[in-house]
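Order as written gives the chain letters A, B, C and D; numbering starts at 1 within each chain.
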Amino acid sequence: MRRLLFLPLALLLAATLPAAASEPYTVGAIFSITGPGSSLGIPERDTARMLEAEINARGGVKGPDGRLHPLKLVIYDDASDETKAVLAAKKLIDEDRVIAIVGTTLSGTSLAILDTTQRAEVPVVSCAAAAKIVEPAAERKWVFKTPQSDALIVGVLVDHLKARGLVRVAWAGVDYAFGQLGWLAFEKATQAAGLTVVANEKFAQKDIDITPQLTRIKAAAPQAVVVWSIPPSASIATRNYADLGLKMPHFQSHGVGNKRYIELAGPAANGVSFPAGKLLVAEQLDDRDVQKPVLIAYARDFEAKYGSRNTFGGHAWDAVKLVVRALETAGPDRAGVRTALESTKGFVGITGVFDFSPTDHNGLDRRAVVMVQVVDGQWRLAK
Amino acid sequence: MDAQRRWRLLGAVGLVVAAVSYAVPSSYVLGILVFVALNGLAALGLSLVMGFAGQVSLGQAAFFAIGAYASGLFSTGLGWNPWLGVVAAVAAGAVAAVAIGLPVFRLSGLLLAMATLGFGVIVYYVLNNWAAVTGGPSGLTGIPPLSVGGIAIDTDARALVLVGFVLLLALGLAGNLVDSRVGRALRAIHGSEAAAASAGIDVMRLKLAVFAAAGGLTALAGALYAHYVRFINPSPFGIGYSIELVVMVVLGGVSSLPGAVLGAAAVVLLVEALRALVPALGASHGAAEYEIVLFGLVLMAFMIFLPGGLAGGRRRAA
Amino acid sequence: MGPAELGQYLASGVVVGGIYSLIGLGFVIVFGVTRIVNFAQGEFVALGALVLATLSARGVGLPLAFTGAVAAGVAAGMLLERVAVRPLRAMPSLAILIVTIGASIALRGGALLVWGTDPFAVPAFWAGPPLVLGGAVIVRQGLWVLGAAACVFALLWAFFTRTYAGAAFRACAANARGARLCGMRVDRMRLAAFALAGGLGAVAGAVIAPITYATYDMGLMLGLKGFVAAVIGGLVSPAGAIAGGVALGVVEALAAGLVSSAYKDAVAFVVLIALCLAQAAGWVPWRVAEEG
Amino acid sequence: MSAALLEARGLGRDFGGLRAVNAVEFDVHAGQIKALIGPNGAGKSTTLGMVAGAIVPSRGGVRFEGRPLPAGRPHAVAARGIARTFQLVQLFGDMTVLETVLVGCDRAGRAGWAACALRMPAMRREETRLHARAQEILALVGLEARAALPAEALPYGEQRLLEVARALATAPRLLLLDEPGAGLDAGERTRLAGLVRTVRAHGTTVLLVDHHVAFVMDLADDVLVLCHGEKLAEGTPDVVRRDPAVVAAYLGEDAL
């Protein structure tokens, strides 16, 4: 019934729009909708779907031919698994014939599909953080990424610590790529800044009690503690921290940039600070910030449909938008899209303002990171 | 099946594989077949353990990982020829199997299964935490492709030819073995250890040898995986993959060597079919969620109703 | 390192050990009566935690939510026995192990479909700041865990040694065929054992949820740790499982605190393999029960 | 008389607190058919198990051809030239009759894993030779017509004969038969007795355990009587039959 009603309406619309008959632009996406990466992958998928609907509601992507092309987004779940990601990439490239790929969610899967996509010469905009994915850019010709690299995030954190005279610091990180890469960046940044790391502990994402690690840290008497993980282990660590009665300043990573962290940790989260993209505190930004309107609009749209905002969805927003912008200048041409991506300048996204170049396929700088503090269960922009 | 017919059949399959790799342009289809062959090779190893030593290894993924890392590390860190890396990987897999099998094979089946599971978890932790050598959780990049006679195996079609050839060769050799004196002794052990020993068969040694062969085969699959994907990290080699291998072997029928490959094909194709099907059904969940439920139910159903597996053997598991 | 840290490691280890003990008891019940290692035991734990989380989020009172969680566990245990284990009862125990692996995957997948991947917070049964005991901090919910382990153990002990049904259970464990010849309903006892194990798993899940949160995939690792606890205790002894769990929890906490936290989770599996090897070599004063 | 082929000295085995076998001593001479008899629970099968290496003695040991037998390593005992059958028939799952006997020929084969996997010519010649040998042995026990059948499809009596064939395939100098007559009817038992005599005639010594006294007394050259795990009497069937202790132990059993 409904279809019958829609049909004449659609025909009417088609007649009025200038380029309705043009062929769609097909873009692929691979997200970790299930598996350990799903808390990142699901908001990424939701954001991508939201953008697709939004763009198509406006008629589609305006290609270099001046016509509007509907955007067709083909999304696959890699279940946070490297093998499945590789097959998904091959399927997007050879079966769905996509012009570009958005994703994957995790660093491991992004590195796993690297060989496939580079050889097939398909541009990829990853939503995973590891710097290795795009460095060296000369070798990783076809790959770009939207999340801030660890060095960037950690750099802001370390400057924050140093500015407050917190020079004896302790570290506790989760034992997978996120924690490992965070530690490597932290080790380097603290050395450069002259801070002393008095403890380096690891814990597992499935750990149910991180008290022993924190007890060790307590014994090392640091002036500040940095915990690098995502919920639920990040929340458990936060609660254990409060239960142990530790009073020194407590820092976490951008991995806790969703409301679930605060829900799980409860009042123990109050006072915790972490470096993150500006999305969480969009409303508190200075009005002169170019990102502010973009952030507020995205947060409003996302929260209307899917619940509380988080920075992971923002990574997908940037990735899809970047690809769409490239399609506008290059059309359905893989090499052209790549070139267009590489020459992107001053793109105001959710994660930051992107300036890609042949030597930089991340294109962000420190302006993309702020310090956020949890106050009364809400995010506050730290000064 | 006698040896000549088996080799002729394998040869014919080999020709089909070669034709497919030449004629099919889609790297997706070729990629699926490569993963079927890689999983088939790994499952072949486990099927030797389950079908012929009568033991269950719940840590077989560890051998896959050992093979992948041995070859990956030798060819990147030490700059060896990748083929030398593959040889080292097979040796590492076999040695690791003997090292773990020597003490645990004296245990009853259940404890042995749990001990292999523990071994699998420990290997995973070592790969994940010994970052100085293994690259840790973020893995190892830049693994070179294998090359044959100066031709780099860096396309899906070439990889399929190579991995398919290795798999068929392994199937043929394992088939020969099972049909020989050694194979008879293995089947005898599976039937009755006491009677086999009374005929002068050294049960422990033979079981260890099977475990070593299985470790080597699974490690070989891991090494080929590393040079095909050219990136490895620990996360695909956890308990989940060990159990997936058990599912493949049970699906194919535990004592059937071609069955293991069939089981691997069934699992890989099922996953891909679900990926195509689930979004088409308009479900809000990811395909992987249904896949997990289905895996569990299929594993139970085959154990209960079809212990002979897809290949329809008469023997039962373990 | 001062005594304060050592005290804290012990306190944390005992609480975590209590969790392992509770889960280990479920393995002991099933193995004791049926000589089956039930790989799905951990999934009962997850089920209990998730049901409790859902019910309390809907505003159901704690006692009722707890009862609901346990009922779900009992039902899952009985279903598993009826559907998967009974048809295979004449099969080697390894075949049944594989079936229970299948069941655990299916249960986990089912939980994923129902509850999704997000962890759920569950309020502590007894709100308030943690207790301080000689410098060591113990969260209040930890006392619930230990109390539940003690209660369950006491009830099991009373049941096995003080009641006729308990004696029948033990007879069935010792010799299923003999028990059947004496007119015991062995099938019914196996069903009861799985029901009991399911309920016990759910109790464990419910009391630990405020500490660990409730997630669909929490069962695998907790189940394995519980299994190691049961193996340390000899796999057939409830008292052994309690002691084994506490020992494992303390060793893990000490390993993380005194040696290195990088390999903390590997400790349980090193212990498992070491025990298996020691038994193979005949070095252990107590035996891990073999299949019957 | 020459030194004994097999000498058991001070043999004992405890199960928990129970002394299943204690201080049992006996010799088996080359060319003999020797029988171990005794009531249920006398320790006959345990004693045989200790000789075969399947059970580790708690005390004492066994020497074969002057050298001690390895305890608890049945395959090593088999390698020394001792073969056995089982109280409960132990076949190999779905093997055929011929394959079952070929397993017994395993020790006569030399081809290793590589030779088998590659089907080397030497390995194939060896297979042909082993097949011929297995057929010969099947003919000896009268199962040649059954070669291609699944072993488990044979009637029970023939399964017992097949076990003997498998044991003979190892070319043993000493054959251990554990309750070979159990579950056989009179005709089958006669056929078995004939086979045992043929085996002896081919130069293989036989040590058998049975509780069917008439069958044993008729067949054996020498009889050892066990009771409650200890040696009660030893000698020729006639001597044993008249032994008052044996009569007392078997009181009420008409067979004597």
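Basically, a contact is a pair of C-beta atoms (placed from the backbone, for glycine too) under 8 Å apart; a residue touches a chain by one contact, two chains touch by 3 or more.
Only a predicted model underlies this, so the values are computations on that prediction, with no experimental measurement involved.
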Intersection of contact partners for chain B and chain D: none
Pair with more cross-chain C-beta pairs in contact, given A-C and B-C: B-C
Reference chain D; chain at largest CA-centroid distance: A
Distance from chain C to chain A - Cα centre to Cα centre, in angstrom: 38
Chain C and chain D, separation of their C-alpha mean positions in angstrom: 48
Rounded Å distance between chain B and chain C, as computed from the means of their C-alpha atoms: 32
Geometric centre distance via CA averages, chain D-chain A, whole Å: 74
Where chain B touches two or more other chains at once, by residue number: 129, 285, 289, 291
Sequence positions of chain D contacting 2 or more other chains: none
Residues of chain C engaged with two or more neighbouring chains: 112, 262, 265
All touching chain pairs, where touch follows the definition stated at the start: A-B, A-C, B-C, B-D
Chain C-touching residues of chain B, taken from the complex the two chains share: 55-56, 58, 103-104, 106-115, 117-119, 121-122, 125-126, 129, 239, 243, 246-247, 250, 285, 289-300, 303-304, 307, 316-318
Of chain A, residues touching chain B in the complex: 33-35, 38, 75-77, 79-84, 86-88, 90-91, 93-95, 107-108, 111-112, 114-116, 119-120, 130, 132, 175-177, 179-181, 202
In the complex, chain B residues that touch chain D: 3, 173-174, 176-177, 180-185, 187-188, 190-192, 194-203, 209, 213, 314-315
List of chain D residues in touch with chain B within their complex: 52, 54, 74-76, 78-79, 83-84, 86, 90-95, 99, 102-104, 106-107, 109, 111-113, 116-119, 123, 126-127, 130, 163, 166-167, 169-170
Chain C-touching residues of chain A, taken from the complex the two chains share: 34-35, 38-39, 42, 175, 201-204, 206-209, 211-213, 215-216, 218-219, 231-232, 235-236, 243-245, 260, 263-264, 266
